[in-house]
Amino acid sequence: MTDQAYNFAYLDEATKRMIRRALLKGIAVPGYQVPFASREMPMPYGWGTGGVQVTAACLTPEDTLKVIDQGADDTTNAVSIRKFFERTGGVKTTTHTAEASLIQTRHRIPEEPLRADQILVYQVPIPEPLRFLEPRESETRKMHSLEEYGLMHVKLYEDIARHGEISTAYAYPVKVEGRYVMDPSPIPKFDNPKLGGSPAIQLFGAGREQRIYALPPFTQVVSLDFEDHPFMASKADHDCDLCGCSTSYLDEVITDDRGGRMFVCSDTDFCEARRAQGHRGRLSPEEAV
Amino acid sequence: MKDLGNTALLQVAGLSKYYGTRIGCEAVSFDLWPGEVLGIVGESGSGKSTLLSCLAGHLTPDQGRVLYNGRDTVTMSEAERRVLGRTDWAFVHQNARDGLRMGVSAGGNVGERLMAVGARNYGAIRGSAIDWLGRVEIDADRIDDRPRQFSGGMQQRLQIARNLVTGPRLVFMDEPTGGLDVSVQARLLDLLRGLVRDMGLSVILVTHDLAVARLLADRLMVMQAGRVIEQGLTDQVLDDPQAPYTQLLVSSVLQV
Amino acid sequence: MYVATKGGERAIDAAHDWLAEARRGDPAIPELSVAQIREQMSLAVNRVMAEGSLYDPDLAALAIKQARGDLIEAIFLIRAYRTTLPRFGASLPVETGAMAITRRISATFKDVPGGQVLGPTFDYTHRLLDFKLAAEGEVQQAGRKPADDQPAPHVLALLDRDGLMEPLAPSAAVPGDLTREPLEMPADRPLRLQALSRGDEGFVLSMAYSTQRGYGRTHAFVGELRIGSCAVEMEIPELGFSVEIGTVELSECETVNQFTGSKTEPAQFTRGYGLVFGQNERKSISMSLVDRALRWEELGEEDTGAPAQDAEFVLYHCDNIQATGFLEHIKLPHYVDFQSELELIRRLRKAAGASEREAAE
């Protein structure tokens, strides 16, 4: 059911062209933050307006869209954004990673490896990896253009000096093709290794901050670290209690007020597919005999 | 050991800077040789700080040339100038707070320049930081403390370590001992003199304190109202001043 | 035992139904009409138009009704609607000097050509609750005097003629459009004024207030505040001349600020400027103070480090739609990030515990 009062995927064609130009520039200069004239969207800033605009500019009527938030298709904001495009674009939607041609995500990269015919769109709250070291936009842009990234390592140095390890657990900064330092959006650092060398196009949209950036397929992406304190992707030291997977990123769920908890895959589609294949975890319901 | 090359490290010609119609500094020319310490003395308002800012690239002069190793630092791009600023050059501020990151540990402060030029081994960076803290007489166990917890003299020594860790060739110093107690000053001067000699640094030192100039500088330039009115070897200028203004300056210090 | 987060879709629908019910309130009380809001809540309507950047009193009134009186939410509705409107072009600059004035005051001169007009103002009312309004009393008809057709030129133009005002060089440059181009720093004055004009009233007010209290002091006098209607004209290329396409109500404030001059320039007055949709004088005065404070650099003044002098700080934080969205987004699930923090804290605590045990051994 489409809403005829609006253009396909809400934005008018002139705005989409403007966003596509920014996307092309972003693809051409991987990791560089391209300013774009972000539009007011009918959802609040900070709730995915950047991702929604990028998705709107990329969607075609033939696309199949998947929207996830925290890895899950059924979280409220994912539902809301999916409905928005069903209503304004009439596009097919899916919860299956493999079936989607375009995936909009907040805070996760799907567990299932992406393909060359897929686009992953990230929602980005703060695109500037140097922001909390230097609050001034005019200064951080200069630092990027002059490749002055020493300060970023000072932050990592301070982490190790204080905690014995780099205590950045998400939105872990990366260097793209040996040039730009980039914020991968608040994905857990567990997902960082999936950023590099991916066959899919990865697009990042920050609506409030009016920035777009991109990783073209097979881009080199290196998580910042020290030689003697190398980057390590980490996750909870458990298996999924529903599907038994030992390699997926897990959510911790509190099950009672006596300290009971369970760990389940944050990627709901991945977990369901494994269970459909017969995988079982510690707390899977007993098979009906 | 001084590297006595036969070309000047810094060649300054006809440097002028105006604030509206007021003269900041005017028609300043001099050469600085490798391993040489040049003192710039004069009262406050004489233009010595303006001159230093123009030389270090913090201010853009209105006229004149500044050649560093033959490259014009006035016309070079900001990118190149900033690279110089974190490799070959160093700047020691009068107020240590202007030259330190107060929210970053002492080790992080010293390590920043190393990381800025590509050091990526935590252990090695920390090793250099400990070494440098030692050289400026700060205990190694203070490495993870923030400069806020340091005394004024320690902050200044930390600033010096942070600047010298990458082995710069040219150091700009703006009243490095200003605002410190006399006893603290003496210790710092001693330290600076040793470092300058050991590392063969070229230094441009701005000070209003002739005692500091006498201890550190090989050569002196005396400034008044934005112009250089006398220059020469330090002992020569201080013991046998020619210009009346210099005579006044020297006599006032002798009274102290 | 596992309670999945399934059902997000149903929860959203149910929440929306509940919202609609709450908006209506007690059905025994008559429903507000959009026209009632437009006519009787006109200052709220004005604020929504100003910060929503769309001059349409009916839509603004509708937005207020839909937003249950939450003005920032109403502004948000108007902004989102505005995005979908095609842009046909730009009007000619409005001639505020030819405004049909409903209110006009100058604090710098006792009387000015065209006269001082108090208009419908809260000034000089005693702020006592009027219980007659609770009894829904009859409207008192205000007395009227026939309009005299005396022109009311801008007060600052009078000073300008004497050479006491900073000269404003006319510029042929087309100002940027904040809604079409990303805001980049440093922003020029047209962009700053646009951002302030649609900035949050409370934020701009506080910034202006801070300059009065000494954080970037500019010694402002209200040279002139005028409120009234202006014709909007647009040049139609096919016609080759301009036609009037409507009128808008505007509040315009020009401040006169002290400036002691420099070596190259004689002492003269400088100005700050505020222009806002609708009757919105608090906002237009605030805007002119902040505008003036932001001009420190071009006027060769000292940067005192005051927030109101910091263009990046003011412009990046004055938009309440950006601010409220980002503020409220922390209500969204963050459990992936939180989970990674949780693991980190546990790991660090474990490491600290191990080294303590080692030390104890």
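Per-chain residue numbering starts at 1, and chain names A, B and C are given in the order in which the chains are listed.
FYI, a contact is a pair of C-beta atoms (placed from the backbone, for glycine too) under 8 Å apart; a residue touches a chain by one contact, two chains touch by 3 or more.
For clarity, every value in this text was computed on a predicted model and none was experimentally measured.
Student: Which chains share more C-beta contacts than any other pair?
Tutor: Going pair by pair, the biggest contact count turns up for A-C.
Student: Quick check for the class: compute each chain's Cα centroid; which one is farthest from the centroid of chain A?
Tutor: Looking at centroid distances, B is the chain farthest away.
Student: Between chain A and chain B, what is the separation of their C-alpha centroids in Å?
Tutor: Taking the mean C-alpha position of each chain, the two centres sit 47 Å apart.
Student: Could you tell me the distance, in whole angstrom, between the mean C-alpha positions of chain A and chain C?
Tutor: 34
Student: Can you tell me which positions in chain A touch chain B when the two form their complex?
Tutor: Its residues touching chain B are 142, 145-146, 148-151, 153-154, 157-158, 160-162, 225-229.
Student: For a test of understanding, state which residues of chain B touch chain A in their complex under the given definition.
Tutor: That would be residues 78-79, 82-83, 86, 101, 104-105, 107-108, 111-113, 115-117, 120-123, 125-126, 143-144 of chain B.
Student: Contact residues on chain C for chain A in the complex?
Tutor: 1-9, 11-12, 76, 79-80, 82-84, 86, 179-186, 312, 316, 321-322, 324-329, 332-337, 339-344, 347-348, 351
Student: Spell out the residues on chain A that touch chain C in their complex, using ranges where they run on.
Tutor: My answer: residues 6-7, 10-12, 14-15, 35-42, 44-47, 49, 69-72, 74-80, 83, 106-108, 125, 136-138, 163-165, 167, 169-171, 186-190, 208, 210, 234-236, 241-242, 249-253, 255, 262, 264, 266, 283.
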